[in-house]
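Labels for the chains are A, B, C, D, E, F and G, by order of writing; each one numbers its residues from 1.
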Amino acid sequence: SVLRRFKPLLDRVLVERFAPEVKTKGGIMLPEKSVGKVLDAKVVAIGPGAKNLEGKVVPMSVNVGDRVLLPEYGGTKITLDEKDYHLFRDGDILAKYEAES
Amino acid sequence: SVLRRFKPLLDRVLVERFAPEVKTKGGIMLPEKSVGKVLDAKVVAIGPGAKNLEGKVVPMSVNVGDRVLLPEYGGTKITLDEKDYHLFRDGDILAKYEAES
Amino acid sequence: SVLRRFKPLLDRVLVERFAPEVKTKGGIMLPEKSVGKVLDAKVVAIGPGAKNLEGKVVPMSVNVGDRVLLPEYGGTKITLDEKDYHLFRDGDILAKYEAES
Amino acid sequence: SVLRRFKPLLDRVLVERFAPEVKTKGGIMLPEKSVGKVLDAKVVAIGPGAKNLEGKVVPMSVNVGDRVLLPEYGGTKITLDEKDYHLFRDGDILAKYEAES
Amino acid sequence: SVLRRFKPLLDRVLVERFAPEVKTKGGIMLPEKSVGKVLDAKVVAIGPGAKNLEGKVVPMSVNVGDRVLLPEYGGTKITLDEKDYHLFRDGDILAKYEAES
Amino acid sequence: SVLRRFKPLLDRVLVERFAPEVKTKGGIMLPEKSVGKVLDAKVVAIGPGAKNLEGKVVPMSVNVGDRVLLPEYGGTKITLDEKDYHLFRDGDILAKYEAES
Amino acid sequence: SVLRRFKPLLDRVLVERFAPEVKTKGGIMLPEKSVGKVLDAKVVAIGPGAKNLEGKVVPMSVNVGDRVLLPEYGGTKITLDEKDYHLFRDGDILAKYEAES
């Protein structure tokens, strides 16, 4: 698969957005228009990190498998194996959801 | 709860604005329009801090539980467990109110 | 009082503008319009100082009680205990008046 | 050949875009207009790397022979031996595809 | 006097512009309009100097009593004891005239 | 000659563009309009190099006699001994052609 | 003379433009309009040099008496002893002409 060989460079992060909720909690279909952009996503690949002014690598704040909250804007759409992914900079990702302990 | 697992990244701070005063001191209901944006809020989650040019983490100036004064503009609205919160950068928060000693 | 518990963050300074002179030296009332913005003020609270690129705190150049000259523009209006104050960055304050030695 | 003697300077990377897919998987010719810009390319020459503020060379993140993903915009078209190539900055290349292990 | 107690902050310099020449060398009055802004001035007070990125104070290049050449634009007008002065940044002052040795 | 005494300052490079090809390979004269700006040039003089933030000289990436590829835009036209040359910054030169080994 | 006492500050350089050639080599007067701005000039005074981020003085690249090539734009006109001079930043001067060895 292309995805397995895909290595983001510097501080870039490849994420896959979760499928949008198309039904209300009660099970009623949501009108197409109202389904906003999904801001929750899973990290599928991360770069090695960028270097700061002194040449030291700045460690990434997210890892493969993390569930994260994306900003509303920005990101670059990438299609691999006919599936849509998005590339964000590590510093632009707003937050991560810790796993259920 | 999602809130408990929500970890802001870098120097971001998650705050919950206080409910607006809807009555004057004398108890008379304030007209809807006049109720401005509430700038006082409580810190509910903070990130680990951002790194400066030398890779050292810049300690955060606020902590969970602090009562803070928000700037009028900026911030990103986040909805968790159907409640509204806002994400600010640590450096954009104007001041904090020390607890009643 | 809220003022006592109000702690500006980083390099912010809380000042209280002096009351405008409403009378000429001769005691004649000045027309309302001609009373410009008062640029002299007293420092009522200061933050701990901001950090420079190397993480060292940059000491503040003003202190509580100092009489200072404010720039014409900038500053954020803050109301505490129904009194108006203004928040400025330490670096934006133009000068201070040393006490009568 | 000119290409062999062509040495990009600083952190520049010379790439050759792959030929666009002109047929669908089923073998049907794609209409000319729908063939978008090809974002996959091969690295044919790299510069020595740029220097950071402290004069240390920042190592390049791609190498000759790597298969990379280009950003949609940017890059400078260069014609050598009547073939088209493009010059990108190392930091603008989005990702690389690791070889089939 | 207020002037004596006036301490510019950081790298600011308080100057007093020289009176404009209103007569030609021959003693003929110059028309009001032609008397341009006077760019020569005397330094009456200086700040302690600003700090560079490493927290070291950058020494001032002018001193109290120096005769200096001001840039045509910039500067902030300040009125002390009903006399006009101007505040400039040390780095914006173009040159100084050494005393008649 | 003026050229011999001409010393570019800091990281500037003086180049002489090659004469444009006015004939096709087959020897047919090219129409005037179609002869684009020549981007290949020879380095005739280089500055000592600029200093980075720490005061260390950043060595130049090109040398007198090198054949280089110029960017399409930028550069300053200089006329010496009635011949046209151009001044570029070292960092703006795209690539150099190594001599036929 | 005022010129002798005129000391540019930081990295400023005071230059005097050469008189424009008003005759062609053959001795024919050039039409007024065609006499462009003279870009060759002599250095008459230099500042001590500016400081870099670490507080070290960046040595000047030109000296009093040097013949230099000015950029087409920029510079500040200064009149001393009724003669016109111009102030440039050291880093904006394009090149210098070494003396006839």
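Keep in mind that, in the parts below, a residue touches a chain if its C-beta (ideal position, glycine included) is under 8 Å from a C-beta of that chain, and two chains touch if they have at least 3 such contacts.
Being a predicted model, the structure only gives us computed values, none of them experimental.
Participant: Give, as an integer number of Å, the spacing between the C-alpha centres of chain E and chain D.
Facilitator: About 56 Å, centre to centre.
Participant: Taking each chain's centre as the mean position of its Cα atoms, how many Å separate chain A from chain F?
Facilitator: 45
Participant: If you look at chain B, which of its residues touch at least two other chains?
Facilitator: 53-54
Participant: Name the graph shape formed by the protein chains and their touching pairs; answer line, ring, star, complete or other.
Facilitator: Here the contact pattern is a ring, one closed loop where every chain has two partners.
Participant: So if I start at chain D and go to chain F next, what's the full loop of chains?
Facilitator: D, F, G, E, C, B, A
Participant: Which residues of chain F touch chain G in their complex?
Facilitator: Chain F reaches chain G through residues 2, 5-10, 12, 14, 47-48, 51, 53-55, 76, 78, 87.
Participant: Where on chain A is chain B touching in the complex?
Facilitator: 52-54, 56, 58, 61-62, 69, 71-72, 91, 93-100
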